[in-house]
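What follows is a group of structures, each given as structure tokens.
Shared chain: chain A. Partners: chain B in the first complex, chain C in the second.
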Partner chain A sequence: MNLLMDLWQVQEMRTALLVGSTVAIATACIGVLTVLRGQSFAGHSLTDLASVGGSAAYLLGINQLWGFLVASVLAGLGMHAIGIERIRGRDVATGIVLATGMGFTSLFITLSMTGKSGGSAAVAVLFGSLFAINPQTVPLICLLAVVSIVAMALIWRPALFVTVSPQLAHANGVRNGLINAVFMCILGIGVALGSISVGAILSTALLIGPASCGLILARRMRDAIITAGVLGFASVWIGVILSYESYHWTGGKSWSVSFCIVALILLMYLVCRVLRSLGLVHGNARRKAVVAHV
Partner chain B sequence: MNTWYASTVVALSAGIIGVFVVLRGDSFLAHAIPHGSFAGAAVAVTIGLSPVTGMGIAALLSALAMHFLGKKGRRDVVIALLLVFLLAGGAFMLSLSGDYSNEVYALLFGQVLAVTDSDLLTMSILAIVAVTLVLCMIRPLLASSIMPEQASVQGVNNNLVALLFTIVIACVTTASVPIVGAMLLFSLLVAPPAAACALARNPIHAITLSSIFALCCMWLSVALSVLTDLPIGFFVATSSACVYAVAKVIAHIWKH
Partner chain C sequence: MMPQSMSLKNQDEGSVSTKATATSHERSVAFNGRSLLDVHGIHVEIGGTEILKGIDLSVAPGEFLGLIGSNGAGKTTLLRTILGDIEPSSGTVSIMGRKRAKAGMVGYVPQKIQLDPDLPIRAKDLVALGLDGQRFGIGIRSSHFWDQVEHAMRAVGAWEFADRPVGRLSGGQQQRVLIAAALVANPKLMLLDEPLANLDPANADDIVSLLNSIRTREGISIILSAHDINPLIDSLDKVVYLASGNAVVGKTDEVITTEVLSKLYCHPIEVLHAGGRVMVMAGDNAHAHAHDADPFGAKKAED
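Up next, the complex of A and B:
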């Protein structure tokens, strides 16, 4: 308890914990549907395309959040327009768009490097740090998180229906195209939020990791979302505290906070897999959702 | 000289292997394994080994991990999580070894002018091994990529083929990452072969065309990168995307 009180005194820690927890909860909710829809590759491509926006913003000197947000929402809508999301990453077009995006990222980063020493821009945009967030952007981040959660809640039922059984949903009068487009927008916002907190190419972890743990552990869809939120929240807090405390253990070289969070998430996922293969948990949220709708 | 030779090796091997990546729909795997090799190179730099050795070991290990973990669960989730962890781990290892941002940058986006003779030898051997492996199992590989059910009826072990092919991707990755960088090897593995598949009528044509495309993209990019002093990855990505777009348009015209 003392430790937490100490941490709360530091301005950067307060910002990091606040932003981290909001983002973790928002991305966990979005992630559950992303995993169910089999769109992990799409989510990952969005993060890479978001880094184009992030590096462009870095080059122009604008707040990176705007770069991430604009690039990933546009990219999400673009993917929806080409129809990539249905092919589940099997389409090479996704890959080529993604690779071109990375090419531009490297260009922007090189351009912003000239004159300065080294690739610190690359590190800042791609790997990010919760400790380096400007406190002034906190209200905006919270606002975006709330918007994405509310939007998720609004489209939840039809979106789940479309995911589980597109034909049946269509027959019942759900507008599949509209729902998919709205979901891609929300995914774009989620990716931008993740990018600002753990860095563009690492934000996939926050999106996919806690959500797939939730789906393994929980028996019902609602429980899966709650579990995902709790796990995401926990991984951010433990990660931040580990990273902060590692400064004392390692003699001045603290572990990067993004690494701590990502490593915790992978660990959690592996534990969930082991639990399931031992037969200790029977998460059948996915099957329940199918049965409820069909 | 080393640069030209190395880029030729990379382009040819990526062009040949890429055809199968596209046919099998393994783009995400081809995207993820290079990131594993990034972590390996980072570990090697930190403990003072040659980066190529570290890359080879890490690419192989991550390829095996993705193959075995991905079999039961949802494959894309496993690949995504491992990929991100390896990237973060690589950056973390480099950050422990001190001045790390330049290293990260070079490994991710490529550094074509810094190929040593011994690296070149390792690379060529790996590329030759990968290509020979693919050519040896070309029939079962094609069969299980295009019609997995029928292939297994005819006695092809799909699982073994998938495992071997994952290892092939790991070899090519190790050969190429020092040149084009972890992030952009992917564009060479996917775009020129996809263009070739759009145009060619049989697999042999596709392989030939795709190597030619990859070679052209690679040489053009090296030349442009030397001339303009901009990162090679940018040119590789844009030129191969252009090749793909042009091939798509031509294929569309042929159809009508």
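Up next, the complex of A and C:
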């Protein structure tokens, strides 16, 4: 308890914990439906393209969050327009587009390294750091988190219906195209929030990891979301504290906060898988979960 | 053997059924203000291929219609056109005088629904989505709401597995849940696409008698597509026999005859009756005129 009180005195810690918790809860809501829809792949592709926006924003000296947000929402809508199943089917074209995205990211990062002092550009964009978040960004992050949660709640029933069975939903008057497009926008916001917290490359872990655990452990959607939220929240808090404290154990070379969070998520996921294979939980075989990116 | 005339409340539609014979079915559609569904001369083209070549049919309240035909005959296309999913290139569909059904007016049970066994959704959650799944917002579901869900699930005998994950139910159980999900919004018309496929004969019979009792009790009209008429033969009021985009509409014993089906298929067909069942077969040598080879193969339309 004393430790927590001490940590709370540090401005960066407060920002990190506040942002991390908010983002963990928002991405839990988004992630559960993403995993169920089998769109972990889309989520990961979005992060590649989000990093282009993040690095461009870094180069231009704009807040990176705007870069992440604009790029990933646009990319999400683009994917929706082309058709996600088609994108997945044409893996060569998709691979090239995504690789090109990373190419641009590297260009923008190199340009900002030569132009300004920023040798940390690559680290900031790709791997992020909750400790390095500008406190002025916090209100915007919270606003985006609230917007994404409210939007999720708004489309919840039709989105769930489309996930369960697109034909049945359509027959019941759901406008599948509209719902899917809105969901891709929300996913874009989720990816941007994840990117600003743990970096573009690692944001899939935050989006998909706790959600997959929730789906393994829970029998109902509501419980899955709550579980995912709690696990995401816990991994952020423990990860932040671990990273901060590791300074003392490692002789001044602290572990990156993104590493700590993502490692904890992987650990949770593995524990869930073990619990399931032992038959201790009811056994959701979430084949689609992608935590390989960790 | 066959219920020629429907239950009492359909007496005034009786004339429609009688008129809808194989030869005069086109006329049966027009001027019938009382029918629930009127399909008039619809042609549907998909990707340059004409799937439906002028279909006419009408359905009265409480009527049970069987849409029979082999794979690729256009059964799903016809159902989806009625549903408003597919726009016909010509012809009209009207449901209670409307071009597009109001939400809840038509219940639809699609063909071959794949439900993920790991979906954290209970059977009753799926039925609940059938009632309010198209609405925005989270929505507070009242006890009255759940009463409706329970009522629909009891009506199809699905209440006992209401709390189980829907993806883990057997095929017959899932079919009941899907029917409940279509029934829960109190539709006037239910469209079921091949609901008997993949069911064993006992389950198929159960589903048919279930549907028969629903339409009698609730007065809901039912259109059900199937490739085999036999499980339905005692329940149907009317048959729509589809073959390569053309249809014959009428009572079962009027449609399933050697003459009518031969004309529809443009090929000699033989209808055999055996033990209350019918067999539709490509005609034998006695009927084959100039055709030396049988393009259907030995038992093409064995349905």
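Simple rule for what comes next: the second predicted complex is superposed on the first by the 268 of 294 C-alpha atoms of A that agree within 3 Å, B and C clash if a C-alpha of one lies under 4 Å from a C-alpha of the other, contacts with A are read in each partner's own complex, and residues count from 1 in each chain.
Keep in mind that, in the parts below, contacts are C-beta pairs under 8 Å (C-beta built on N, C-alpha and C of every residue); 3 or more make two chains touch, one makes a residue touch a chain.
It should be emphasised that the depicted structure is a prediction, and the values quoted were computed from it without experimental measurement.
Legend: residue contacts after superposition of the two complexes on their common chain; A:Arg14 is shown touching neither chain B nor chain C. When the shared chain is aligned, chain C comes close enough to touch A:Phe161, but chain B does not. Counting the residues of chain A touched by each of chain B and chain C gives the higher count for B. On the side of chain A, the complex with chain B involves touching residues 35, 38, 40-41, 43-44, 88-90, 92, 94-100, 102-107, 109-110, 113, 118-120, 122-123, 126-127, 201-202, 204-205, 208-209, 212, 253, 255-256, 258-259, 262-263, 265-266, 269, 273, 277.
Within the complex formed with chain A, the residues of chain B that make contact are 22, 25, 27-28, 30-31, 69, 72-74, 76-77, 79-85, 87-89, 91-92, 95-96, 99-102, 104-106, 108-109, 181, 183-184, 186-187, 190-191, 194, 230-231, 233-238, 240-241, 244. Remark: chain C residues 83, 85, 103-104, 106-108, 110, 113-122, 125-126, 129-130, 132-139, 165, 178, 181, 185 touch chain A in the complex.
On the chain A side of its complex with chain C, the touching residues are 36, 153-158, 160-161, 164-165, 167-174, 215, 218-221, 223-224, 284-286.
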